[in-house]
Every structure is written in C-alpha cells, then in structure tokens.
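A, B, C, D and E label the chains in the order they appear, each numbered from 1.
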Amino acid sequence: MPLLQVKDLEVAFEKEHEELVFVDKVNFHVDEGEILCIVGESGCGKSVTALSIMGLLGQQGRVKSGEVLFNGRDLLKLKEKELDQIRGNEIAMVFQDVMNCLNPSFTVGNQMAEAIRIHLGYDKKKTKEHAIQLLEKVGLPDAKAVMKKYPHMLSGGMRQRVMIAMALICRPKLLIADEPTTALDVTIQLQIMKLLLELRDEYHMSILLITHDIGVVAEEADRVVVMYAGQCVEETDVHSLFKKPAHPYTEALLQSVPTIYGDPARKLKSIPGTVPENYQELEGCRFADRCSYATKECYTKQEYHEVEPGHLVRCWKGLLNNDKQ
Amino acid sequence: MEHKGNMQRVTKRFMKHKLAVVSLIFLLIMIILAILAPVIAPYNPNQVSGGFSKPPSMDHLLGTDQIGRDMLSRLLYAMRISLFVGAAATVISTLIGVILGLLSGFIGGVVDSIIMRITDMVMSFPYILLVLVAAAVFEPGLWSIVLILGFVDWPGVARLVRGNVLSIREMNYIKADIAAGMPKRFILFSEILPNTIAPVFVYATQVFAISILDEAALSFLGMGVQPPTASLGNILNGAESITVLTSKFWLWVPAGVLIVLLVISINFVGDALRDALDPSV
Amino acid sequence: MTNNKKPIVVVEGLRKYYPVGNSNTSRARQMVHAVDDVSFEIAEGETLGIVGESGCGKSTIGRQIMALERPNAGKIWYDGQDITAMSESQLRGIRTEFQMIFQDTNSSLNPRKQIYDILATPMLYHKIATKENVKQEVERLLDMVGLAKSSLNKFPHEFSGGQRQRIGIARALSLKPRLLVCDEPVSALDVSVQAQILNLLTSLQEEMNLTYVFIGHGLGAVRYISTRIAVMYLGKIVEIADAKDLFENPQHPYTKALVDASPIPDPNLRDRSRIVISGEIPSPVNPPSGCRYHPRCPYAKEECKKVDMELQVVDSSSSHLCACPFYATNLAKEE
Amino acid sequence: GGKKNDNGVTNAENSATSDVVTIGISDTIGSLNPLLMDGTEVVKYATSFEFLPLVELNKNMEFEGQIASEITTKDNKTFTIKIDPNAVWSDKEPITSKDVLFSFLCWASPEIGSTGMSIYNIEGTGDDGFVEAGSDSISGVVAVDDKTVQITTKTEMALSTFQNIYGRYILIIPEHILGDVPKDQMLSNEWFNAPTVVSGPYIVKDFDLNHYVTYEANENYFKGAPKIKNLSIKVVTPSQLLTGLQSGEIDLVQQTMGNILQEDFESVKKLDNITVYDGTPVTTQSIFFNTEKVTNVKVRQAFLYGMDRNIILQEFLKGKGEIVDGFLASAGPFFDPSIVPVAYDKDKAVQLLEEAKAEGWDPSTEYNFYVNSGDTTFTQVASYLAAQFAEIGLKIKVNTVDLSTLMTVAGSGDFDLLAVQYSYIPVDIFTDANWLLSAGGWTRYQNDEVTKALMDTQVTVDTDKIRESYRIVDSVVQTEVPMINAYVISGLGAKSNRLQNATPDVYGTFLNVQDWEIK
Amino acid sequence: MWKYILKRIAAAIPVLIGITIIDYLIMSRAGSPLAMMHGPKISESAIEVKAAMLGLDKPIYLQYFDWLKQVLTGNLGYSIKSYQPVTSIIGSHIGSTLLLMGTSLLVGLVIAIPAGIYSAIHRYKKRDYTLVTLSFLGTSIPSFFLALIFIYLFTVKLGWLPSSGMITQGTGGDFLDVVKHMIMPVSVLAVSIAGTNIRYVRSAMLEVLQQDYLRTAKAKGIGRFLVINKHALRNAMLPVVTVIGMQIPVLFGGAVIVEQMFSWPGLGLITMNAITSRDYPVIMGVCLLTAVVVLLANLITDIIYAIVDPTIQYR
C-alpha cells in the first residue's frame, strides 16, 4: 500500500460567484521513502493539490470529490481536530515563499516550541533542546542564537532551513515541499536540495516535491507527475520521463529548457501560445491548441491511461510520438 | 476617456454589493430632491405657513416646526445645505490634499519635510477644537463652515497621495518613462496622478460622510450653519428639549434619520467603491 | 573576436553605494556597496550576460548604464560620450538610444493605460512617429513582438506575463534603441514562455543589430543568449569571458560553483561530482576583506584574505579575465 | 412631558442625596471671587451665598438690608450706610465700617482693575473709577463710626440707583483677613476658592466653575444658621433642567440662573413632584437699532408696527410674559400704564415705509440683524420676525452669533439691529437706559429730552416725579424707536415639593435661604 | 530606543510651536475678552486700564512671545474670567476627560476586536454582513443624536441612569456612582469607536488571514485557536495600533460634544466655555495640552508598534 494515495481529487474555487475547478480528477501516489515530483507551469494546480492534501485550502476553496488516503485513512473525511493530529506530525509541509512563511512577530524558537509542545508534550527545557538539536541538524551554525532571532533577521536560505527544521519536529513520514528552492539562489538551492536528500535517507521519509524546474526534477526525483491546466498529464519514473516522454507537453517542456549542458547553439523549442484561460470548459485535451501533433481526435475526451507499467499518460497517442522520432 | 472595459469591471464589482447599490440609488434620489428643492418643496422653507409645532397633516406632510414653517420644505432645503457643505468641504480638502501630497511625494527633500510637518501640525490639532475655535472666530456662515471643514480634512488625503506617489515612483513603468526621456510633467500628471485617483476617490467618500456629520455636530452646538438657514444639524438643535424629544417626534425624527441614512449610504458606497476599484483583485 | 568591433559602452571603475535603511532613523551612514569598482566594455552587436547571486549588484549596473541613477564614482561612456557627466536635459537627447526591459512584468506597465497609449506616447513625444502614422507604427511593433493587433485597446491586466513582457519589449524597441538592457526579463516566466521570449530577443537582435546587456541568474538562459558573460560576486566582477569559454573552462572557484549548482535536466548526470559551497553571500554593507569570496571558497589561502584580487587575463584567451590567480593551480594540485 | 410622569417620579439618584439641596443652573459660573463679578446673576448669587452685599432686592422689589440695616440720603449725594449691629463674620468678628471701606477700596484699586463695575461716580476716584495706585482710601468713602459709613458721589444719584449698583453688587469682604494681601494678588487669591471666613449663610466646600459648587452651612450666620446643611449648585444644559427636576437631581431652578426651555414649560408643570412659579416679568428681549445706520424714524416705526408681538408672546412664550413699549415692565414702582404698547398694524407699517421712501429711503436695503445663538427661543423668533418683516417689504438678514461676538459687534456698531436679553431693574432703569440711549451706548441715540428726563430721576426721591420722568423716556422710545421691546419674559421657576419655604422668583429667592427646609 | 524617543520629541517641538502660533493667530482674530464687559456699569477708561493690565494692548506677536515665555517657565497663565491658574483648571479636569476617553476607547476596542475578528473569520457570511452593517451604523450616527436618544430612553423613559455629571452632587461619589454616570457617555463614544474599529480590525485580520505564515502555522497542526489568537491576532494588531493612534484627536473632538451633552466635568466643557467667553489663556492651554497629548499618542503608538513589530528597528 502506498503511503499516500490521491484519488480523483477535484478542487474548485469560488471566483466572482461561479465555481471553477482548478484541480480536475488528479490521481497519483507516493510510496514510502521515495521522492515524487510534481512539475508543471505556474497556475496548473500543483499547490492547490498539495494544500488539499493538508486540508489548508482556506475559505474559498472546496474539495468537490476524491479521496486522499494516507496510510489508508481518508484525510478529507477527518475533522479539523483530527487533522491537526496528523498535520505537522505525520505529514509536514515546507513552502515556497520563504520570506512570508514564518510569522514575523515571533522568534524562531517560539515558533518551533509551540509545535513541539503540542505534538510531543515536552517540558520547557526539553523543548528547547529538541529545537536546538533540529536547527543544528539542518545545518544552521549557532543554533542557540538562531532560536532567539526573528525571521526578518535571517537570510532566505536560513529561513528555509528553519522551515525544514520545523517540519522535522515529529519525524514526519511524508514531507510535502512546495517549490522549496524556487526563491533561492542556485548555490543555496543546491545546499537545500542536498539537505533534503540527506534527511530523507536519515529519517526514511517520503517527499512530495513540487517544482516547475525540470532541472530539479532530473536531479532529485524518483518518480514524476506532470500537470497541465489542472490535470495530471503524465506519471512515470524519472528516467523514462526524460528518455521517452509520452505526452507532447512533457516533450515540449523538456525541449524548451535552456541548459548549460550540451550544445549552446541548439535552438530552443518554444511552446507556442499560452495556457488557455478557461480550460475548465474544454472537452478534449487541454494542450491540443498548442500541440504540434494535434489532430481531430485530440479534441475529444482524453483518458488517463497506462502505456507501460507504471507509466500513465493523458494522450490518446500514448507513446506514438516517440516512435516517430 | 476612461476605458469601457475597465468601467464595466468596476461597475460589475460594485453591483455585487447590494447594500451599496441601494445606498447609491437612495443617495441619487436624495441629491435630486435636494437640487430640485426649490421646485418640489411645498412651501417656502422660511415662510410661516401654518400653526406652530403642528403634527403632520395633509397640508404639512411632516408637520410644522416651532415657528410654523413647513418641516418637509425645511428638510429638503436642510438636506441641500448639508450635502452642499459636505461636498464642498470634501472638494476643498481633496484638492488641497492631492496637490500637497503630489508635491510632497514627487519633489521630496525639503519640500517634503515642510509639507509633512505642516500635515503633522494640522493633524495634531484636536480636530473639533480647531473647528470650534475657528467657528467661533470667523463669522459663522455657510462658507466659513465649508472652509473650516475643508481645511481640517486635507492631511489625510495628503498623506494618502504622498504614500501612493512614493510607491508609484518606484514602479518600473515610471523608470521606463525616465529611460524613454519623458518629461517630468508627463510622469506626474499622466502616470502618477491617474493612479492615485482611485484611492483618493474612496477616501473622499469618507471625508464626505465625516463632513456631513461634522456640519451636523457644529450646527447642533450652534456654531455651524446659522438659522434661519436650515441644515440637518440645526433642525436637530431644536430637539434638545426633552419635551420635543418625547412628544414632538416630527421635529427631530426625520432630520435625525435623514442624517444617519445619508451618512451610512455614503459609507456603504465608499466601501463598495474601495472594493470595486481595488486593482489587486 | 569582439576586439575588432568598437565598444558601444565602456564602463570604468564604476561604484555605487546606497545608504542603509531609512534615512530618518539611522545616524551614522552605513553604505551598501552595491557595485564596487567595476570595469568592462560592451561591443556593438554583442550580448553581454551578467550573472550572480541575488543582491550582488547586477541590476545596479543596469540602472547606471541606463543613467537612471548617478554612480558614486567611475565613468560610463556611451558611444564615446560620458553619460555620467551629462545633465538631465542633455541625457534626454540620447536616452532613446538605450532602453530597458524589466523583470517584474506587473509593475512595468501602467495598469490604467491601454497598450496603444503606452506605446504611442513616447514615440509621439520624441517625434519618432507622427500623428498620422503612429497607429501603423504601434501595430508594426506589436506584430514584431508577436502580439495581435487587437491588443491595442486592451489594458495590461488583460495579458499574461509572457505577453506583458512582449509589450515591454515593444515599448523598449519603439524608440529605436541601439542598446537594450534586459534585467532578468525571463526569470518570472514559465519555461515554455521563457523560451518564446529568448527566441524573440535573439531574432530581434539579428533583425535590428541590437546590443544587449542581459541580466539573469538562471545560467541556462544567460548562456543561451549571451556572447560574453560576466560573473558578479558581491559588487564585483570575478570573471568575464566568452560564453562558451566560461562554461567549458571556468577559472574562478565561484564560477565553477555556480556552474555546478545549476541543475541539469538529465537524470543520467545526477551523480556527477558537484562542488557545494557552504554559507551564503555576505552582507554588502561590510564586505569581506581581500577577495570577497574567500570566506566561502574551499581553496582560499591566507593571501586571499588580504589582497583584493584584480581581474587578470587568463592565458588561454585574451578575452577571458578572472579575478583569481590560484584556482587553476589549486585544482591541479588536488587532482 | 406626556404620560411618563404618571408613572411616578423616577429617581436615579441614591438616597444619600436627600439631605442635599441642589440648585440647577444653565450658565457656567465665571468665578467665585466677589471682585470678579461679571454682571451675570449666576456669579452674583453664587458668591453672595458667602459674601453678603449691603442690601438686596426682595420679591416686591424693595431693598432689604443684608450687611447694612439701612442706607439713607438726604441730598442724593451723600449716602449713609448703617451696618447691621448684629452682623458678624463666621469667625464671630463683627462686621464693621473697616470691612465696607476695604471692599470699596478694592473695587477702586487699579492694581485689581475690576471690570464688573467701575465706581467712577464716587468722590475721590478718576474717570475710570480707580484711585491712584497705592492709595489706601477713597476720599468719598469714610467711616463715621464702627458701624456707619458715609459715601459721597460726584453727581446726584437716586437712592434706588445707589442701592442697586453699589448696594447690591459690591459684596463685603473681610478686611481682617484680606487686609494685608497685596492688591495685585487679590484676583488670583486662592483664599476665595476656600474662604475661611464668610458673612453669608454658606461657605464653599468644593467647586468646579463649569460644573458645580457645593456649599456647607455657615453655622454662625448672623441671621440664623441655615437649616439645610448642604447646598449645591449644578451646571447643566437647559434641556437637562427638566430631566434633573424630574429625576430629583435638581431641587430648585431660579428664573435668572436656570433657563428652562420654553418647550419644556408644560412638561415641567406636569411633574407632580415639582411646583412651578412664574417669575416677575423683568427680563426683556430688546431689539436695538443702530440709529446711526437706521436713520429714518419711519423705518424704525415700521419695524415696530410690523411685528406681531402678541402672537410671539402666545406662541413662543406660551403667554408667559407681557408686552410693553420702552424700558419699564409692569413690575416695579415706576410703571405707567398710560403708555399703551403699539399694536400690530401691517397696513400702518406699509404706509410708513411708503412715506419713508418719499423721504429717500431705499427699499432694497437689507438690514443686518444680530441675534444671540445661545438664546434658542429668540433665534426662532428672529426667523419668525424675518418672515413678518418680509411681508411688509423690509429685508433683514438674521445673523446668529455667539454672545461674545454679539457684544463685539454691539461695541463696534457694526450692525443695524441687535437683539439682546436685557434685564432692566424696575427700581433702577436709569443706569441702563442712560447708557443705552447715549452716543457710547448701543443705540447711539441721543435726545436731550430723554437725557434730561433721566437725570431728573436721580435728583428726586419722589416716586411720582420719577414715574413721570420715566414716562417721558418711554414715550420717546415708543415714538422714536431707538429700541423695540419685543417682549418681557416671565421666566419659569421650579421647586421640588420636598423643599419648604423656598420660592423661586427673579428677585429675593435666596434672601431667606437660611429658612429653607427639607420635608 | 531612548535615542529614538528623544529624537522624536525633538522633532515634535517645532510642530508644537507651530501649532501654538496658529492657535494664537486664530485667537487674536476672535476679538477681545473684554468686549463682553462693555456696558452701563463700566467706563471705557476702566476697560483700557484692564486691557493694559492683561497686555492686550500690545501687538499680537509680542503677546505671543510673552505667552511663550510664560509657558517655558511652566506657567500657563491665569484665566481671564476666573483668575484661576490655567494649569490647575486643566489639572482638575484632565482626569475626568481621560477617564471618559480611556474607558470609551477600552470599551470600544473590547467590542471591536472580537467582533472584527469574528467578522473576518466568517467573511462573506450573513454574520459578517450584519456586523459590518452595524459597524457602519455606529460610525454614521451623530454622537449628539445618539446621546439625545440615550437620555430620552434611560433617563426620561426608564429612569435608570443619571443624565448629567460624573458623581451625584453632594456625595463623595463612590465607584458605583461614577460607573452609573459613565454608562451613557461612554456608550455613546464607544459606539462610534467600535463602529470605526470593527472595520479596521476586520480588514487587518483579513489581510493577515491570507498570509502564508498562517498557512505554515496551520500546517504545523497547532490548532485553530492558537492560529487565530496567537499568529493572526498579533500581526493584525499592528495596523490597528496605528489607526487607534490616529483616532486620538478625533476622540478628543467627540468628547467635547459628549461632555457637553452629559455635563461631564471634563476639558471639553471647559473648552467650549472658554471659547465662548474668549478666555484665551485657557483656550491656549487646552490647545497646547491636546496637541501634546496627540503628539504623545503618536509617539506611544510608534513605540508600541516597535514593540509588537520586531521588524522595525530604531536607532
């Protein structure tokens, strides 16, 4: 049984009095100890998916249907109180925007301590020791001093480390990292990614890593889910994704990334157009209008089907395009 | 030429606030009534046209006041005065505020410091005290009330505009203008000013509401609009007597309710406007 | 290769310091050394990429070249004229020749103006177009950057980020500039759109013989578009070389670390050896003594703490300059 | 008023108040220092609880001795003051001539500079009413013996005038306590805020001039220890007089200190714990013309004929008052009923204006009419008058201003018409009339006949002669119209039924305060 | 921090002087306090003597300097009307004004803060709309009108509460007595304070509720109570603190009317009376005092702000 199984998740937001579905029948699972990457362009629903797993959608958002099975329990059916037992305890989350994710009014120590006390029930002294220990673990020199600092006194990289330390408080089984490095410089990005990998091995946790950087996917992921316009379009292990992408979108995505590796004279392939605005209304493939392989059939409903064991794709052609090359 | 698309968007968002729409309609009706007062008022507001303090009747729909003037007519004229005072004071303070705010934010340096000190000063005047002193000093009359209220409310506008100018000045499109060698006046009047109008407009509605309240309070204290000119505040002044309060409701209920309704409608409209004009949504 | 072309911009000893914090509350003036003694040349028709970590002074250089601010020291010659010595009115005469594209597509267009107004007003002001042909001109520009004519009467918020960036490019091009400073024009965009813009920029360059200064922190994009690349660290240029040269033969330990840190979209390469540099970029208020990189440099020597390293020619090519004389030897020793 | 009173008196106060008698007033108390008397009744009464004047008027408008047992004159120039032999300070020291001399000297000291009244008519003072700085006596004020003082005036003065101004307004203060205080420190002297020695029935315990004064009985009061041990004055808004009376917060409202709103008259009357008293009509609502600006007599007459004073009296004052022409109201000894007030006559007014037009009067003239904004009744009347005058073709612009502004305008003569509530004391019209009808007075009206008639009132003691002189004055006022007496107010006084022996009236309410009692 | 405070105080001094100059100029236009004294009982020359005694015959700027000199020695002069020292007049009334203002502010905030939070949490629901409408009503009712209605209801109709003063006349005024007298004036002021602040708290809260750090806090599973009452509230109070600071002058103004309506023995009534009698040493004293209070309030708000907001550093 996978650690986390998301089944047919459908999330809608209320916008100007109408309900728009931004996450449409999303399916994927995370196995124990693995890193699953979700990639996709901005606005394709990655964060919303992650937030619905945690029950953090907020007021306007609503899960319309689906299941989120964590260790077999459907998180969507839990009450807020029960969810609090799991959040921060068995599932922890790290967010993208490090500048805003820590409360500016409280010290790092304070923000760590409250979670420790609530989940682990330690006394004051033990709480402090635990917090310091964690901060040291994530590679913050002088952890004691950091405890007393307010978030604005820390650099982006340090804040992200603090966030990670907070996530580790209860040795979670699953860490959801929503673009944890996007806002950071490449050198720091590498530090943080290395840290996450080390921690995964040490704590044997699974990581659901959300990113839009194909490079990060290639460097870190075990398996990958590609999302486009609120839907999963492809899911497979990282090697086969790069070797034989089954969905034209995945393929185009891979080719449009400028890289420092390989032939610099290579012309970048760009995907024409933009994500359709009202993709909710589209019947067929949502990528069809931008797809260089599109045919009439693409404008009918597309099934998310398995083309090879463990390789799912939402394109009726499946691996056909690869064969052409 | 404000663009249609934008206006439609604003209108659409405004329309979602039902109370605000109702308020706006109410306000419009009241403004029309006020403007048309000379035409529709059944009597001359200063003319003794009936018995003294007579309850509502067919001749006098809202009764007559203590000296036999028609309450309805007086109320219409009073509303006219109150709305005028509010609007004129708002226009004055907004103009002063916008000009000083623009100068302060755009020129900066010493000019900014001086203007901000003056703003501090005016803001530190216990505001109604200033109004009271000034009202007692300058001969009470319509225009002095307008000027006093106008003078008192500008610092808020100035600060708002200054803040806006400072943040807009950092916008890349201003940098692009400088890079394109566009002249300062273009940047100030064509780029910065239009972008501060919306919040100023919203703020102005608040000033409008406050000015009407202040006029009423001053008139009530006998330092505002002076009789025989009717204003909503000085009509209420007559209700200070408990006897009037208990047994002559027509002398004060309409004026009181009218003030509350006018002010609350203005507030509702302002609130909805804030929502509708918010570019961040 | 670039030496035979005449430089369009020459920057010499450029320094720009900013006071720290709010001027009202701080008493002793502390300064951010945003750009500290930087010199380089840009040849006509080339693309100079500038990379470096956040806050290292890339945009500051861009703003100085655009004459949006006055430097504290140093000179910038544009086409032989010293623009740091010019008055605001003199500058206005040549401003149209260099234009800028901004990173933040949200704030770079006035939200209350239609695209037509945004594009037409400067052209009319500078008499680049007349009242009669301005509409035609605007349409031509839109076409050039790949936007539909119907965009004319729309407002910025009706466009996607990529489209807004295209409008920004159109605005910059409308004044027929020779030099374009692009300050992270693609960092905020999705990869697919990023590629569109990069391709647009390269084709425009060929078409109009433009010179670019391309600021970015994604190495991939910079490498893709630049002919020459300058690597900045804490207000200084640590290495400058032709693009290919820089990536194949990085001389400065910081350049090497940057290259290593950039993820490569090929899972087969994930186990390559990469240098992970520790720590973070220090505060530009009190930059470290000597070589500014020494606290993080795994090869730092005693000397590095004291001597401020100058850019020096690297033997392989005369256009390759680096501010670290030790790196190559160190590396050799280690291996 | 209405039904609520039938539900019984609602008393929000706790029972601790029951032994305190509270007088409600609607004007703030300027000061408790007798030397700072500003002419308001409130200050006069509040201070004279502590320091008695020489004499005081009673209900019947006769002078009753306070400190003095009697004041006499033979020639209207020398006045002999006999001090009550029983009069003692609260420290049992007798009140003597020294105290009277000292008190008069204080009023004449330039270092003190009292502005409540200048005593320039007393021999030995200058035109400003002050003696030389540093003088320790006034030559016109001498002690005959311990209990007799003689005062000489520069010009003749009727006894009633003498008694009214010097007798009533100069409160006698203790020389043996204050004699050594430097004169320039008298006004700011803290002693007056908590006097240790008084001559009156009460002594101040605590006060806040804008809100209240509380008094304690002077057990050694020479006219008998007051039965009520705690008296207090409470300053409230006019509308709160009614609520205060109803709730029991206020026990007594006297006409000149507490101004019960006309609208509330009926309601007060209906209160069943309260007895009301109509005050002697003396306070007049006078409309003064600036005769230098409104020069045409016919126009002034038109104003008089054009106002329906009866309606005003009935509707605005609910009939509480009277209508007279001239200064004298029906109360008092000098009233002459032969002067019949001009009746409302619109046609006559129009005709007068026609005649005025023929004399060159410009009918488009707009007259500036200044009105005290604090007088809520008259602001309404003014609006009514404006409407009435408009009917006969007189344009007036009502300017409602606060009292200070009104006084400034009055002083500068920057007005055409000016309305002021003015109390002409029936026994002493002279002082006010003489000033008002003079070049320096508000009307700027000068008429030798009037001046002579007024002077005549001062040289005789014969009531009939005085009455005749005043008749001349009033009839000139009626025909020449430098002033219109819009109405004479009979104010409403009220008293809680638990309070015995007290009768609120314009004069003399507090003469017997020591006999007041609570049931 | 101390340095900062000193600096702020130093910066406030020119503002203060500016205010007094403007005040003085206005006052000088108001006409002489002696105008009231003209009349039959006084001679013109006596008034001239008095004017000279009070220094009113000097040019206005000299009068101002005299006044300023006096103030610098800690003496605000004497009331022209009662000859009491202005300092003691103010001293004996400021307490009750502050009591009224302080209590009203407190009551207003005690209503506004929970209501604002509640409203924000239940945004766009019926309860939210109701609260917002009520808050608008609170700001839209003229305070004198509300005071009239209260007096009518609670004193005239029901007879529950006394309508004037601060203590029952003649008694020492025990605590309960004062409370009874305070209920109406405090309610009137509190209604408008609460009305204004409900919306400020609400919008500050809405702003904070959208912040990422709240999501972080929730993700830690610390429970809704802590998330709202610790993480959100603390940050939402920041803008509210500033707004409250700015309301102090307005509050002062509101107090004048309310004090007048309820004969509250505070500065408001003193001021009104001083104004009508042109007693300008008193008016100047009150103006100076209120300006100081307002500037102090600004300073204190900034300091509180600095204490609650760690991102602000003072030097």
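The rule is short, and it goes like this: contacts are C-beta pairs under 8 Å (C-beta built on N, C-alpha and C of every residue); 3 or more make two chains touch, one makes a residue touch a chain.
Quick caveat, the model's predicted, so the values are computed rather than measured.
Peer 1: Enumerate, in label order, the chains that touch chain B and chain D alike.
Peer 2: E
Peer 1: If you tally contacting C-beta pairs, which pair wins, A-C or D-E?
Peer 2: D-E
Peer 1: For chain D and chain E, let me know how many angstrom lie between their CA-based centres, rounded off.
Peer 2: Whole-Å distance between the two chain centres: 38.
Peer 1: Between chain B and chain E, what is the gap in Å from one C-alpha centre to the other?
Peer 2: Chain B and chain E have C-alpha centres separated by 22 Å.
Peer 1: Distance-wise, how many Å sit between the C-alpha centres of chain A and chain B, to the nearest whole number?
Peer 2: Here chain A and chain B have centroids separated by 52 Å.
Peer 1: Which residue numbers or ranges of chain E touch two or more of the other chains?
Peer 2: 30-31, 151, 156-157, 260, 276
Peer 1: If a residue has to touch 2 or more other chains to count, which residues of chain B qualify?
Peer 2: 136, 240, 242, 246
Peer 1: Specify, in ascending order, the residues of chain D that touch 2 or more different other chains.
Peer 2: 4, 237, 243, 374, 402, 404-405
Peer 1: Can you name the residues of chain D that touch chain B in the complex?
Peer 2: 1-2, 4, 237-239, 242-243, 261, 263-264, 266-267, 315-316, 373-374, 376, 379-384, 386-388, 398-402, 404-405
Peer 1: Touching chain B in the complex: which residues of chain C?
Peer 2: For this pair, the touching residues of chain C are 66, 68, 91-93, 95-96, 98-100, 102, 104, 107-112, 114, 118, 121-122, 125-126, 153-155, 157-158, 168, 171-172, 175.
Peer 1: Okay, in this complex, where on chain E does chain A touch?
Peer 2: Within the complex, chain E touches chain A at residues 123-124, 211-224, 226, 230-231, 234-235, 308-311.
Peer 1: For a test of understanding, state which residues of chain D touch chain E in their complex under the given definition.
Peer 2: 4, 10-14, 16-17, 19-20, 22, 28, 30-33, 36, 38-39, 110, 113, 115-118, 120, 126-130, 165, 169, 187-188, 193, 208-212, 214, 230, 232, 234-237, 240, 243-244, 246-247, 249, 374, 402-405, 407-408, 410-411, 431-432, 434-436, 440-441
Peer 1: Using the touch rule from the top, collect the residues of chain E that touch chain B in their complex.
Peer 2: That would be residues 14-15, 18-19, 22-23, 26-27, 29-31, 129, 133, 136-137, 139-145, 148, 151-152, 156-157, 246, 249-250, 252-254, 256-257, 260, 271-272, 275-276, 283, 286-287, 290-291, 293-295, 298 of chain E.
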